[in-house]
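Shown next, in structure tokens, is the structure this report addresses.
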Amino acid sequence: MNSSQYLILGYVVGAGVLWGYILSLALTHCRLNKHLRDHPEITHDPQAQ
Amino acid sequence: MTQAPTMLANPAPVDRPQACDVQTQGLGKSIDGRLILDNITFTAQRCAITALLGPNGAGKSTLLHILATLTAHTTGTLTLFGKPVARRTADLRARIGMIGHQPMLYRDLTAMENLVFFGKLHGVANPRNRAKELLDRVALAHRSDDPAGTFSRGMVQRLSIARALVHEPTLLLADEPFAGLDLPSTYTIEALLTQLADEGATVVMTNHDVAQSLRLAKRVVVLRKGTVAWTGEADMGELERVQREILGT
Amino acid sequence: MRLKSCRLTAGFWAITLAMFMAGVVMVFAYTPVEKTMGPVQKVFYLHLPVAINTFLACVVVFVASVGYLWKRTQAWDDLALAACKTAVLLCSVVLLTGMIWGRSAWGAWWTWSPRLTFSLLLWLLYVVYLVIRPAIESPQRRALVSAVYGLVAFLDVPLVYLSVKLMPQDIHPASIALEPQMKTTLLFWFLPVTLLNIGLIALGYAVQRKRTLIEQSRGKRSVHDTSTPLAGDAA
Amino acid sequence: MTPAIKQFVTLVGKDLRIEARSRQTLGLVCVLGVLILVVLGLGLGRETVRSGAASTAALWVAYLFGGVLTFEKTMAVERQDSALAGLLMAPVDRGVLYLAKLTSNLLLMAVLAVVVTLVGVLLLSFDLGAAPLGFIVIITLGMVGFASVGTLFAAAVSSTRLQGGLLALVIFPICLPLVIASTRMMVNLFETRVGEPASSLGGSGLAILIAFDAIYLVTSWLVFELLLEP
């Protein structure tokens, strides 16, 4: 591999890790939101002070 | 010896039994916004045993830890020996003895060494004499040079009481002092606690045995789900009532 | 209200992504090639801002840990955890880009140069934060131990820096004379990476808050069984 | 003696008495240290070991792992039967509790160091005579820093389920800078270079070690109380 190819590799890996993680976080967020919508008692519990 | 050894060096005059060394007003404890204890108001009188009853998880142990100033309460006020408990609690703690689920002893040290060690930490003037006196009192003098790890459950519990009394506390907190004891040990410890109260100490204990608590204590506080469900004079006639309060029916 | 915050979030990520893209375009089309190291030197524009942002994330871990020790509320612990995950992620990117750079420039994926070693130790320091958490069962205890660790770890960072300087010096570019275009690109890159950092911590925090909420609701039935500190210690 | 010093002496005396009676920590720790030396000695081979760098590194590994085990063991004594709760009920300053535990740990580690170093001299032909004073200074400073962090986190970790290994996991990354600095200095002292006298103790290195100790010690001393009263 030559220098330019390493450069491209660097950006692909860096951006891939960052945005891949963000994507997975966003998906988790949506899943949790759905879970909370399905179980309204979690957020609106009279016992929760 | 002409006089029975006392556990407290200077028994309080028995003519002031109404004094309350423990007072709580609207005491609450929350962890992460969840209430463990809520609006606990009760008093424990001097020269008497006060029993905290309630199902598992009612908050009895937490309350006892708050009274011992080991855990901070989050709302309300706690008054010990007439002083409100604020941040610095070391001087108050010096007047409190505590017996927990666990013996709080070093199993590799002998009974004597354990007592001398805790006596020294509390700044007792003559720890060795004090330890001897206490070992006599809890009937362990013959085993004073054996490691605590070799003791039976009943003996450990007696040594544990001796440890809690080493600095002559005026308030004794006992968390399930009868748990796992056989009948002879139970009677010994009952006698010890009663005698302590007679000598002028304030004793607060948690217990599961309702009948025993009513027999020993002067007042009973029933906790359920972190709140005081019922308080009243300990009277054998109230047995069923107290049991119903504990069950919440 | 809900829709508005939704739009704001979407807008935020759109801007961040757009700036990130613009940065990439700048790197490949605008900035000149460095003479001695060749094109691979351009990894630097991603590498350095991410490295600086790793520190910022560590600062957030520190602040949140102190916040927890002070206020003892779960929210601070959630923030510390989110920031710590971000710090580890960013540090991983620093390590990866650094390794790729090194492979191209010196022919080895890894050299024990002070700077790379420093990044590795920093990474380890914060990975341990994430690793020990599941080992502690009681949520309060977990938050407390984590907060103490987060505090001590942050104070440790300058010490790590000092210690790697004691290591035998290796080849590493001390400094590169930056041409104006290079400087512009580098400065520009701080924007998307910092936004990314903020977004990551915020999103991670939101996710963690919800997880905590669900976990707490599961434990609610046994609220009154929470062991008291001393009983917990005995276990 | 002020009450605090009396309490300190009582606490350290208690730890030593328990250790003298049960010998549960030192026996274990010393054997572990020797085992590590033997394993590393065999693994590195005769020629590598004879270079001062390898033998000092092997010694450090033995000290550190032995140290972690020491911290775990001495804190387990407090957790057993909740003896710690008894300590907390006493009007003792939490800082005194910390310093007493630290001192006990350091005393035990000193015994460990003597044993391991002697074995190192015998098995790895470690040349202690080359710079005995520098060796002692570096070891002492290194151990003070290491033990101060170790004592703190032993209190944090010992109440959790996963004790074994967890403590090492927590302490090592925190102490890495200290380990790097002290190992570096030791290697500088003992690395045998042909026709060159062993280098003397670098002043800047020493200053860094002392700074480490101060930071670790003060932070741990201040934070220790939080871990005891959750």
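Should a chain be cited, it is by its letter among A, B, C and D, assigned in written order, with residues numbered from 1 in that chain.
Convention: a contact is a pair of C-beta atoms (placed from the backbone, for glycine too) under 8 Å apart; a residue touches a chain by one contact, two chains touch by 3 or more.
As the structure is a computational prediction, the values presented were derived from the model and not from experiment.
Visitor: Comparing the two chain pairs, does B-D have more C-beta contacts than C-D, or is it the other way round?
Guide: C-D
Visitor: What chain sits nearest the middle when you go by CA atom centres?
Guide: Of the chains present, the most centrally placed is D.
Visitor: Could you pull out the chain whose C-alpha mean position is farthest off from that of chain C?
Guide: B
Visitor: Can you compute the centre-to-centre distance for chain C and chain D, using the mean CA position of each chain? Integer Å is fine.
Guide: Taking the average C-alpha coordinate of chain C and of chain D, the gap between them is 31 Å.
Visitor: Please tell me the distance, in whole Å, between the geometric centres of chain A and chain D computed from their C-alpha atoms.
Guide: Chain A and chain D have C-alpha centres separated by 42 Å.
Visitor: In whole angstrom, what separates the CA-based centres of chain A and chain B?
Guide: Spacing between the chain centres: roughly 52 Å.
Visitor: Any chance you could list the residues of chain B touching two or more other chains?
Guide: Those would be 33-34, 70-71, 100-102.
Visitor: Name the residues of chain A that each touch 2 or more other chains.
Guide: Residues 47-48 of chain A each touch two or more of the other chains.
Visitor: Considering chain C alone, which of its residues make contact with at least two other chains?
Guide: In chain C, residues 140, 216, 220, 223, 229-230, 234 touch at least two other chains, as defined above.
Visitor: Would you pull the chain D residues touching chain C in the complex into a rising list?
Guide: 79, 81-82, 84-85, 88, 149, 152-153, 156-157, 159-162, 166, 169-170, 173-174, 176-178, 180-181, 184-185, 205, 208, 211-212, 215, 219-220, 223, 226-227, 229-230
Visitor: Quick check: in the complex, which residue numbers of chain A touch chain C?
Guide: Residues of chain A touching chain C: 1, 3-4, 6-7, 9-11, 13-15, 17-19, 21-22, 25-26, 28-29, 32-33, 35-36, 39, 41-43, 45, 47-48.
Visitor: Within their complex, state which residues of chain B touch chain D.
Guide: Within the complex, chain B contacts chain D at residues 68, 70-71, 90-91, 93-94, 96-98, 100-109, 113, 117-118, 120-123, 147, 163, 167.
Visitor: Can you name the residues of chain D that touch chain B in the complex?
Guide: Interface residues on the chain D side: 3, 6-7, 10-11, 14, 17-18, 21-22, 77, 80-93, 229.
Visitor: What residues on chain C touch chain A, complex-wise?
Guide: It is residues 13, 17, 20, 24, 27, 37-40, 42-43, 46-47, 50, 89, 92-93, 96-97, 100-101, 103-104, 196, 199-200, 203-204, 206-207, 210-211, 213-214, 216-217, 220, 223 of chain C that touch chain A.
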